[in-house]
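Per-chain numbering from 1; labels A, B, C and D assigned in written order.
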Amino acid sequence: ADVKPAIIYDLGGKFDKSFNEGAFNGAEKFKTETGTAYREFEIANDAQREQVLRRFAGDGNSPIVMAGFNWAAALEKVSAEYPDTKFAIIDMVVEKPNVKSIVFKEQEGSYLVGVLAGMASKSKTVSFIGGMDIPLIHKFACGYVGGAKSTGKDVKVLEAYTGTTPEAWNDPVKGGEIAKSQFDQGSDVVYHAAGGTGVGVLQAAADAGKLGIGVDSNQNGLQPGKVLTSMLKRVDVAVYNAFKTAADGKFETGISNLGLKEDGVGYAVDDNNKALLTPEMTAAVEKAKADIIAGTVQVHDYMSDESCAY
Amino acid sequence: MSNPYAKLPVWVDYGLIPLINLLVAFLVAGLVVLLVGENPLNAAYYMITGAFGRGEYLGFTLYYATTFIFTGLSVAVAFHAGLFNIGSEGQAYIGGIGVALACLWLDRVLPWYGVLPLAMIGAAFFGALWAFLPGWLQAKRGSHIVITTIMFNFIAASLMVYLLTRVLKPMGSMAPQTRTFDAGGQLPKLDWLMGLFGLNIGNAPFNISFLLALAAAFGCWVLIWRTRFGFEMRTMGHSPSAARYAGISESRITIIVMMISGALAGLMALNPIMGEQARMQLDFVQGAGFVGIAVALMGRSHPAGIIPAAILFGMLYQGGAEIAFEMPAISRDMIVIIQGLVILFAGALENMFRPAIGRFFAGLTARAPAARQAKGA
Amino acid sequence: MSDIAIELKGIDKRFGLVHANKAIDLTVRKGTIHGIIGENGAGKSTLMSILYGFYQADSGEILIDGRPVTIKDPNAAIAAGIGMVHQHFMLVENFTVLENVMLGAEDSQILNASIAKARVELKRLEKEYALEVNPDALIEELPVGLQQRVEILKALYRKADILILDEPTGVLTPPEADHLFRILAQLKAQGKTIILITHKLREIMAITDEVSVMRRGEMVATRPTQATSVEELAELMVGRRVLLRVEKGAALPGAVKLKVENLTVRDGRGVTMVDNVSFELKAGEIVGIAGVAGNGQSELLEAISGIRRAAAGTVLLNGSAIDVTGRADPAELRQRGLAHVPEDRHHVGLVLKFEEAENSILGYHREPTYGKGPFLDLGAIRREAEESIRKYDIRPPDPRLKTANFSGGNQQKIVLAREMERGPDVLIIGQPTRGVDVGAIEFIHKRIIEMRDQGVAVLLVSVELDEIRALSDRILVMFAGRVVGERKADAPEGELGLLMAGIDGKMEAAQ
Amino acid sequence: MDFFLSLVAILESTIRLSVPLLFAALAGLFTERAGVFDIGLEGKMLGAAFAAGAVAAVTGSVWLGLAAGILVSVALSLVHGYAAITQRGSQIVSGVAINFIVAGATVILGEAWFRQGGRTPALSGSARFQTIDLPFADALRGVPIIGPIYSELLSGHFLLTYLAFAMVPLTWWVLYRTRFGLRLRAVGENPGAVDTAGISVVWMRYRAVICCGILTGFAGAYLSLAMTAGFVKGMTAGKGYIALAALIFAKWRPVNVMFACLLFGFLDALSIRLQGNPLPLIGQVPVQFMQALPYLLTVILLAGFIGKAIPPKAGGVPYVKER
């Protein structure tokens, strides 16, 4: 096909073992399947956003997919300058005629891993570690709390954030230390939504003989047998689809909000964690999933009112 | 404090030696490029064409340079008073508050030229405020300014995050940034200036804060060399004991100079906030305060040296981005290395080649008429 | 042959532009005390530091006991049996005496054993040479005299056969100096060789066997002490007859210009440096303050001129008080007619990196004549600088030249021109001719007398007793922070010397 | 009892967090006591963490990793030494330069070699340090008071943790009880005295700088090989600066350094622990405030409310005998 796709990662970097890496995997999958090459770029600072967008657009790349909500403002400007170029942005809504906005219902996926955590916990205390303290991450936390509490009123959920600067995505030392502090407070399952910081969280959980829960990509393999599951956010699928539909000439603009129903989020089961999931847990989580898809259970979206109802 | 080496012609002192130091810094950076498995010559080519190859690229180069002129001046002014302000980074960051407040308040009411003066005052005020505290602590409590300004950089980061995530961020938005300003909060580009040279600015955010930076550079020159206050601060910078003797209050100078330095750093915020992004976002300073150290060292703390040094670093930033586009193995962190190397060779090792150069020139002038070093009395 | 301890041949040394030693030859015989004299900056310290390996000669040869040696560092000198007491003591101030003596001569990696051994050895040396000092005292708590003792002990501890003393008596009171000379005599009796640097001719005549004279980096003569005289040495030193007496008429003192009452100054550590000092200074007179360096003169000057805060007391300038215990401001005092030539021109009186013209307004830079409002008028400043350059014959006559590039004498003239040319009521001068050559000394002395004759009240501090005696109308002697006596200008030198040592003849008699 | 247990937990976290500070601050103690100031601790630590992580990942040996960390940090120290001692350049500027060079180089090289966004591959097994249980730790665990203190607080740390704390008396002993220490302190107070005593000032200072390199090497290796399992870009996150502050706070004395590092470690541990838990009386404290607290406290403490910190007299100035 006659497409020149391009992907641009966010500050965390291509190999963050989570969000950006998911995007990269989607692009790679597209490349191996279709044999079509794509261009990519990792920005190093915010000032580069518009610059790289214009450059890629100016070079005739389309579609240009960008990973991360931080791209919104730049995209808003540049998409108007290149009306013939197709853009896709993940994690944010930009309402322009040539932009596809892909957002996820992370609260739904988080709810599921919350259910698993609540059931796996012996101490009835589980915990959450976020990266940067921003609403998007609270969205993860809130869904998780909802899921965990759904397994019993007495389940306690600890919640903490690594920091408030972008470095918070990249501080495994601190992540590990926060995890240990939560273990000391009784937690025995920890879910992270903290990018690179999460590597330290999962490590600390494994070291302490507790369970970790990965995020975005399937992180079960990072500490085999020590990661209960991973909350999958199918960024890879989103990127792959964007590339693929464009290649097939079926690229659609507008908002797509991917939840459990669309298979945009989910939880990971593989050889690494099979043994950790009891049949009851599997049953409970599948039921929750079905309920959510059916609409009988509504998972609260933190970003709708910036507060968590659980 | 005496000049440890024989006198050299001015152009050698201020031109040749910095140039050689710079060259060595680039040579070492070239080695790093080799280590990564890329061709340094290619990198150099991309860097130069990427920085100057097109009107747009030049526009970006000058856009970055604008920022670095402000921070370079900030560091240099403090240098003249013998103060090492490592805190320009934090001061610029806090200075952003002033710009943002002015824009958020008035961008829908006034045109840009109405907002700009207020934004300038705000930037300078907040930057000065953030420098006042370390200055005051040094003057009155003797806490070392290098250490306190480092601490204040960290504190500024925390404070700004708090403000941007809790206070200034519009409801419902996720990114830690203010809302986008309307026309009143956006500075006009200098496309006409580039146009004079037949260049097309393209999308480059090269804006009128560049002219402000040039004015600031001139102002600094006047301040340092043409005012009584400048005289006092240079006296203190060269010899605190002579300053005391001359009745110059060390604490007064320290505090005022730090505030001027902080104000200059704060003004830097105009460029990215009003000149480019039209909003204030997290970490918009992007290390420019630290680049200022390198710029001041390269430019020998003289405005006339700081401007070219700032353009040089603008070139590094813009050209470096182009390298990163063209050579996947090299990311923008290359620039951080080069920056460090420039600081090392132009700063800490500035005298490494001086003896050899001195000897060379001594050889040249040996036969010149008896040196003007007339013996007195 | 073997009675030669040291032979230096063609030693040459440059520091940048300064040619400190020019092809110097020197022979020192074993078991003698060899004096080296010369003006400030003649190159004495440099030569000895080369012998001690502290500096490296650019060319030349060193022979010890007839054998050529290369002394590439102090270690080699120590190994060759050379010890040196430096002009500026080389002691670690917050270490004890014992640690200082041991430093560099510890004989094991672990200190304990070395300490015990050093303690014993130190006791022995103390006894042998009557060099008593508490081994556990911190250096910073010792008076200078004792600090010098530690330096000598350091050399002896290293078993030096050749001992170099660089201006050892500059910081000593006459009795202390006498004690030192007794020790030197004793060392000589034991067969040690001693090189003594000084510019006090009296000391040379009293104790040395031979004396060498240096002038402007050259070795101009060596004489057996017996065969020379003070006059000859003085002439050799400066290259012509010295004018010790300054021509001046009688003083006509007028109104009291400066009145100091019960002034007390403490240093950073709380040690009293100036102790309840009172005196008056009248228009048209020169009051000299004599004393061995470090007896509070510097602190007195600094307190009066507002650089240093006093602990107690009052100072009246032209009848109105100076806030010496609070925030006396040197700038304000200048406006009120008090000019100050500081002792240390390099670090205090001048900014060496400034142009001459800039230094010519240092402290007066706020005056309206130098510009409008906050701005400086460089043209006016340079024009005025050119004028004082002419008047004071400052060379080279270039107001834009960096001050560091002027010689010491010319630098001093820059300071003097600045402080004298504004018609002050009171002029405070510290060490007006330190490190200044003879031609300039004459000029400076003349100017000071002229100021007096114009009715300026002059307060003069100098460690050169000759200078004090030549210029002053009245002499105050300071010892241990107190004014221990006031004498007429023609008081005998011996009496002043005793006062400087803290011995008041009359009080002594009374007791 | 509950309070006691959480106190033990906070203290345990304090120990973990103060180890890199302690190594780095003691490293700074060595050079600064010898008269060479060093704000490049951060960069050296980062370089060491990277080298340690990279080599351990490639070789699978924690010891080779440690050695590489030390090697790199010593090499960086020598660069600082060359600039500050041999070339008599500004020590602050040289330190700043090293921080930059390392911050950039670790990312560039890490990305080029491992292609994981500046990270080194995660370490496991013998490629990283394992915790050590002190004898009888398990047996004593149940005993009240003593049990938690011994088995939780004191036992179960890394070899490097114990080494760091052992370095405190060792440093004290070296500085105050050996010839090397005597000379080192002397060279920071009055290099002229050392020079005329026949000791090479330059060599003395270089040795001090090398000691600093070795200790920052440990600090860095602790971060990437013990505390976590691998290197991540910028993982020192300002610890070098905090160590420097601790050193000043401790007035350049070894035992004080330990307490200062423990204090800063404690603040860090506390801020982690307090997150999300409202404080009694004060209520909910913004995270940002807790995160800025160590820096704020440092500033307040530096402002002289703890008496004056007088640095080594010859510190920060190059030794020049011939002008």
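Just so we're on the same page, a contact is a pair of C-beta atoms (placed from the backbone, for glycine too) under 8 Å apart; a residue touches a chain by one contact, two chains touch by 3 or more.
Heads up on the chains, UniProt names are B, D = Sugar ABC transporter permease; C = Heme ABC transporter ATP-binding protein.
Keep in mind that this is a model prediction, so the values were computed, not measured.
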Checklist outcome for this item: Of all chain pairs, the one with the highest number of C-beta contacts is B-D
Checklist entry - Among the chains, which has its CA centre at the largest distance from subunit B's? => result C
Checklist entry - Just curious, how far off is subunit C from subunit B if you go by their C-alpha centres, in Å? => result 45
Next on the checklist: Quick check: how many Å separate the C-alpha centres of subunit C and subunit D?
Outcome noted: 46
Checklist outcome for this item: Note: subunit D sits from subunit B at a C-alpha centroid distance in Å of 30
Checklist entry - Roughly how many whole angstrom separate the Cα centroids of subunit A and subunit C? => result 76
Item to check | Per-residue overlap in subunit C, given as positions that touch at least 2 other chains | outcome: 16
Checklist entry - What residues in subunit B touch two or more of the other chains? => result 2, 4, 158, 161-162, 331, 333
Item to check | Shared interface positions of subunit A, touching two or more other chains | outcome: 42, 133, 163-164
Checklist entry - Chain pairs in touch? => result A-B, A-D, B-C, B-D, C-D
Checklist outcome for this item: In the complex, subunit D touches subunit A at residues 6, 9-10, 12-13, 16-17, 115-119, 122, 131, 223, 227-230, 232-235, 237, 268-269, 272-273, 275-276, 287-288, 291
Item to check | Of subunit C, residues touching subunit D in the complex | outcome: 15-16, 52, 54-55, 73-75, 77-78, 84, 86, 88, 90-95, 99-100, 102-106, 108-112, 114, 154
Item to check | Contact set on subunit B toward subunit D in their complex | outcome: 2, 4, 32, 35-37, 84, 86, 137, 141-144, 146-148, 150-152, 154-155, 158-159, 161-162, 166, 290, 293, 297, 329-331, 333-341, 343-344, 347-352
Checklist entry - Which bits of subunit C are touching subunit B when the two form their complex? => result 16-17, 305-307, 329-334, 340, 342, 344, 347-354, 358, 361-363, 365-366, 370-371, 374-376, 378, 393-396, 402, 404-407, 409-410, 413, 436-437, 439-440, 443
Checklist entry - Quick one: in the complex, what on subunit B touches subunit C? => result 1-7, 222, 226-232, 234-235, 238-239, 241-242, 244-249, 372-377
